[in-house]
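Both complexes below contain chain A, partnered by chain B and then by chain C.
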Partner chain A sequence: MKKLINAPEDVVDEALAGMAAAHADLIRVEAPNIVVRRNAPRPGKVGIISGGGSGHEPMHGGFVGMGMLDAACPGAVFTSPVPDQMLAATKAVDGGAGVLHIVKNYTGDIMNFEMAAEMARAEGIDVSAIVIADDVAVKDSLWTAGRRGVGGTVLAEKIVGAAAEAGADLATVTALCQKVQDNVRSMGMALTSCTVPQAGKPTFEIGDDEMEIGVGIHGEPGRTRMKLASADEITDMLATPILDDLPFERGDKVLAFVNGMGGTPLIELYIVYNALKKILDGRGVVIARNLVGDYITSLDMAGFSITLLRLDDEFTRLWDAPVHTPGLRWGV
Partner chain B sequence: MKKLINAPEDVVDEALAGMAAAHADLIRVEAPNIVVRRNAPRPGKVGIISGGGSGHEPMHGGFVGMGMLDAACPGAVFTSPVPDQMLAATKAVDGGAGVLHIVKNYTGDIMNFEMAAEMARAEGIDVSAIVIADDVAVKDSLWTAGRRGVGGTVLAEKIVGAAAEAGADLATVTALCQKVQDNVRSMGMALTSCTVPQAGKPTFEIGDDEMEIGVGIHGEPGRTRMKLASADEITDMLATPILDDLPFERGDKVLAFVNGMGGTPLIELYIVYNALKKILDGRGVVIARNLVGDYITSLDMAGFSITLLRLDDEFTRLWDAPVHTPGLRWGV
Partner chain C sequence: MIAYEDILTWIRTFAETVAAERTYLTELDSAIGDADHGINMDRGMHAVVGKLDGIATPDIGSCLKTAGSTLVSTVGGASGPLYGMFFMGMGGTAVGKETLTLQEFATAFAAGIGGVERIGKAQPGDKTMLEALLPARDALQAAAEQAVAVGPALQLAATAAEAGMLETVPLVARKGRASYLGERSAGHQDPGATSSFYLVRSAATAWSGL
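Up next, the complex of A and B:
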């Protein structure tokens, strides 16, 4: 295992300490391992929280800040955070207007966020939750009933965060988050496995001439294991199921998100974006906004995912709104 | 070779096409493969140009835009661009106030930028050039006489670009670029080799339990090949030679830049940043600004580099100035 770490059991704590030191103007890290927006809670603002296992940086802690999340709960690597973290985060950002939990669809996350929501409600905090389940690759999987929550989560956090920043109430941001979920689809692939530090060996074996199409963000199996193909072919293998699923139709405007898994260089992501643009052009789907880079990663996995969000004027306006977090910043 | 590409010979063209499509609001790509700021040339503004081999994305093309570069000349992967590219870029951004070439210290880049400068001067354009040579790891190397130009280049492009944006003249931005070079030092390391697409195999062999300390951004040999160590130990192996070289002294304010080489996930870079902060705290060196992420990469190499820039008020003000490029953005 080749990693820039000290003890495997200290990976998350030390990375959080590094992030807190690098971005002290934006965030603070508090016990029990929660990342909180520096000026939270803000009276009258709906709090937006997400969380899940670590190993997907910058998601979620890197999206805490102005115009996005108010707090994140990072679990151990690829392990759900515990209800106590989620409750602490909920309390830390409660400004009296309620708190939305944005939950990726993994069994542990769902169960623990539900438990935390109950505990928060018992303390008088109004909590709602939306589950993101945007991965078209597989239905039911390791750790998931139904579809997995992947890249759409990043877009949901940005759009919902912008609405909350502008003063929307809990019912409004909750409905908005559901609307993102209803209009977003994703699929990923891997050239290599990731390696969990405490496991010390690759999560799955894969041949030097093989790739996994439809892989999950923890290295869960996808649709098919096959021989390597060209970037154009691979991009089509991901884009077509996404396009056909919603379906995205001629004339639709979309946000096209090409996401690196952690071990893929940017030069390759731009080659994929070029391929994706040709496919969407061919189907008359218009890329009105885009995002290219590493935003929801899988440790050191080489690979990428595509996420398409069907845009309307509301989504576009909220996407364009200023954001200032460690991982995403514009307009400020 | 596991890469998201089509034909190896099309990698640079397709990546540039993808970048141009994704960032059409900021840049345009013109023959012969130059990345030009969308609204260039701007009358009365000094043009700032850099360039070098591809494979280091987002550098340099990803730094073209408001407050940074006016154009970049991407060569083939790890291959110097040709004088015709540099001349075309120089002419494309010449607004009558002259053009500065920021050149990383590699023999091919130096030679070709000198030739392009002569040709541009023959056409009546005032051209100056500054060589960045900030890598303390080795003196003389494959492709280099003297020190290699590495991470300091990113900081020079940002700071000099901000000055040019604010209307500084050619003599001023040239002197400023030299001042960055005089105050910046870097060193890198690799856990794995990179693989050049057209070579099809790793640039160097390295054992599963080995690392290369002082590696160059093309996989050039460093100071020493040794057994893997902890993140704290490795960070010290890079930070100490940097600190001792300038030297950086107690009370100095610095910009601390932890850069991923392309195949290293962000979670590890934050662990390194945490280690670096402890080292600098211990020596009384104050981190006043920081940058953590992939900015000058080496294809898919796993590893990182540290760059320290000694800050004064002028550098800090120019660093903080708005920038809007594909790879670096704030304040707008």
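Up next, the complex of A and C:
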């Protein structure tokens, strides 16, 4: 394992300390490891919090700030945070208007957020929760834990954060978050494994000429392992199941999000975006907005994911609204 | 009779086992999960052992509840709430007790599993820690009814848990991250069932003389 670290057990704490120092104008980091918007709580504003295992940076801590999250709860690498963190974050951002928890659909995340929500409600805070489960690589059935929460989470945090910033109440932002979930689909792939610092070796073995289609953001195996193909072919392998799932139809306007998994050069992400544009053009699906870059990563994994969100005027307006966070910034 | 000190020895033995098998548990988890089970359980049990030293009164119930809440606060993932609820559920039946009979321990153990079932919502056969815990629960209860001594009873429970753990190998996971693999999860031993076997075996080891 080759990594820029001091000690595996210090990775999360030292990264958080670095973030706090680099972005002191936007965020503060408090015990027990929560990233809080610098001027939170804000009276009358609904608090938006999310959280999950570390290793997906800039998600979620990098999305704390004006127009997005009020707090984030980073767990150990690839491990959901503990209820104490979500409870502390909920209290830290509650301005009296309630708090929305945006939860990615993983067994551990769900259990820990549920415990925290119960504790917060017992302390008199109005808490709602929406689960993001947008990964079409996973069969959504009674026989699985359900679809994983992946790229759609970033878009949900931006859109819901903009609505809360504009003064929407808890019921409204909760319904809006569900509406994002209902209109967003994603799928990812990996060229290489990631390496969890404390594990010290790659999470999975993969041949030099192989790729994993449908991979999760923790190196979870996906739908199939196959021989490497061209960027155009791979993009089609991800885009087609996404398009067919919702389904996205001719004339739909979408936000097209091409996300790097952490170890993919930007030049390759643009090759993918070019391929995706051609596929969507061919289907008559209009890219009205886009996002290209590393936003929900999987440590050092090489690979990418595609997320498509079907846009309406409300989503477009909220997407365009100003945002000022360490990881996403425009309009300010 | 199981004394307060025996409960401490059990928990410490489990912590030592998890530390010793940390890499193995994480390897099992990297095959079908996310490669952190040993790391997370070791962090949690290390914290639990630290807390035990600070408990002043020999109350088995509050000791087990402290172990559970410490796991919830330190482990994260699914294992934190699941093992946390196990110990808290056990502790709830033993509040104020300095000793437990085998039947009382079997009842507490079953209550702990009830906590796991409530929060995990898994069914037998889903390829989870229940595969090891449920046979151990039944073996303990049968032993208690037949007035078997504590040490041999835990040995029976550990044997049952081990068999249940090994039976997870061909199963297709229906809960947790392993379920994403579908059929590809078959052929791998479940890491949660493995740590649960260690939990039961730790009692058998710690109480072999009882």
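Following the convention adopted for this analysis, the second predicted complex is superposed on the first by the 327 of 332 C-alpha atoms of A that agree within 3 Å, B and C clash if a C-alpha of one lies under 4 Å from a C-alpha of the other, contacts with A are read in each partner's own complex, and residues count from 1 in each chain.
Everything that follows uses one rule, which is that a contact is a pair of C-beta atoms (placed from the backbone, for glycine too) under 8 Å apart; a residue touches a chain by one contact, two chains touch by 3 or more.
Model, not experiment: these values are computed from the prediction.
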Partner chain(s) touched by A:83 [first = chain B, second = chain C, both, neither]: second
Touched partner set for A:288, first chain B, second chain C, both or neither: neither
Which superposed partner A:119 touches (first chain B, second chain C, both, neither): neither
First, second, both or neither for A:226, with chain B first and chain C second: neither
Which of chain B and chain C A:148 touches, first, second, both or neither: second
Contacts of A:272 with chain B and chain C, given as first, second, both or neither: first
Chain B versus chain C as contact partner of A:199, first or second or both or neither: second
Partner touching more residues of chain A, whether chain B or chain C: B
Contacts of A:299 with chain B and chain C, given as first, second, both or neither: first
Chain A partner contacts - residues on chain C that touch it in the complex: 26, 30, 33-36, 39-40, 43, 72-82, 119-120, 172, 174-177, 179-182, 184
Partner chain A, residues of chain B touching it in the complex: 2-6, 11, 14-19, 21-22, 54-55, 57-58, 62, 191-192, 208, 211, 228, 230-232, 234, 262-275, 277, 287, 290, 292, 294, 297, 299-300, 302, 304, 329-332
Residues on chain A engaged by chain C in the complex (per definition of touch): 53, 75-84, 106-108, 111-112, 115, 137-139, 143-145, 148, 196, 198-199, 203-204, 216, 218-222
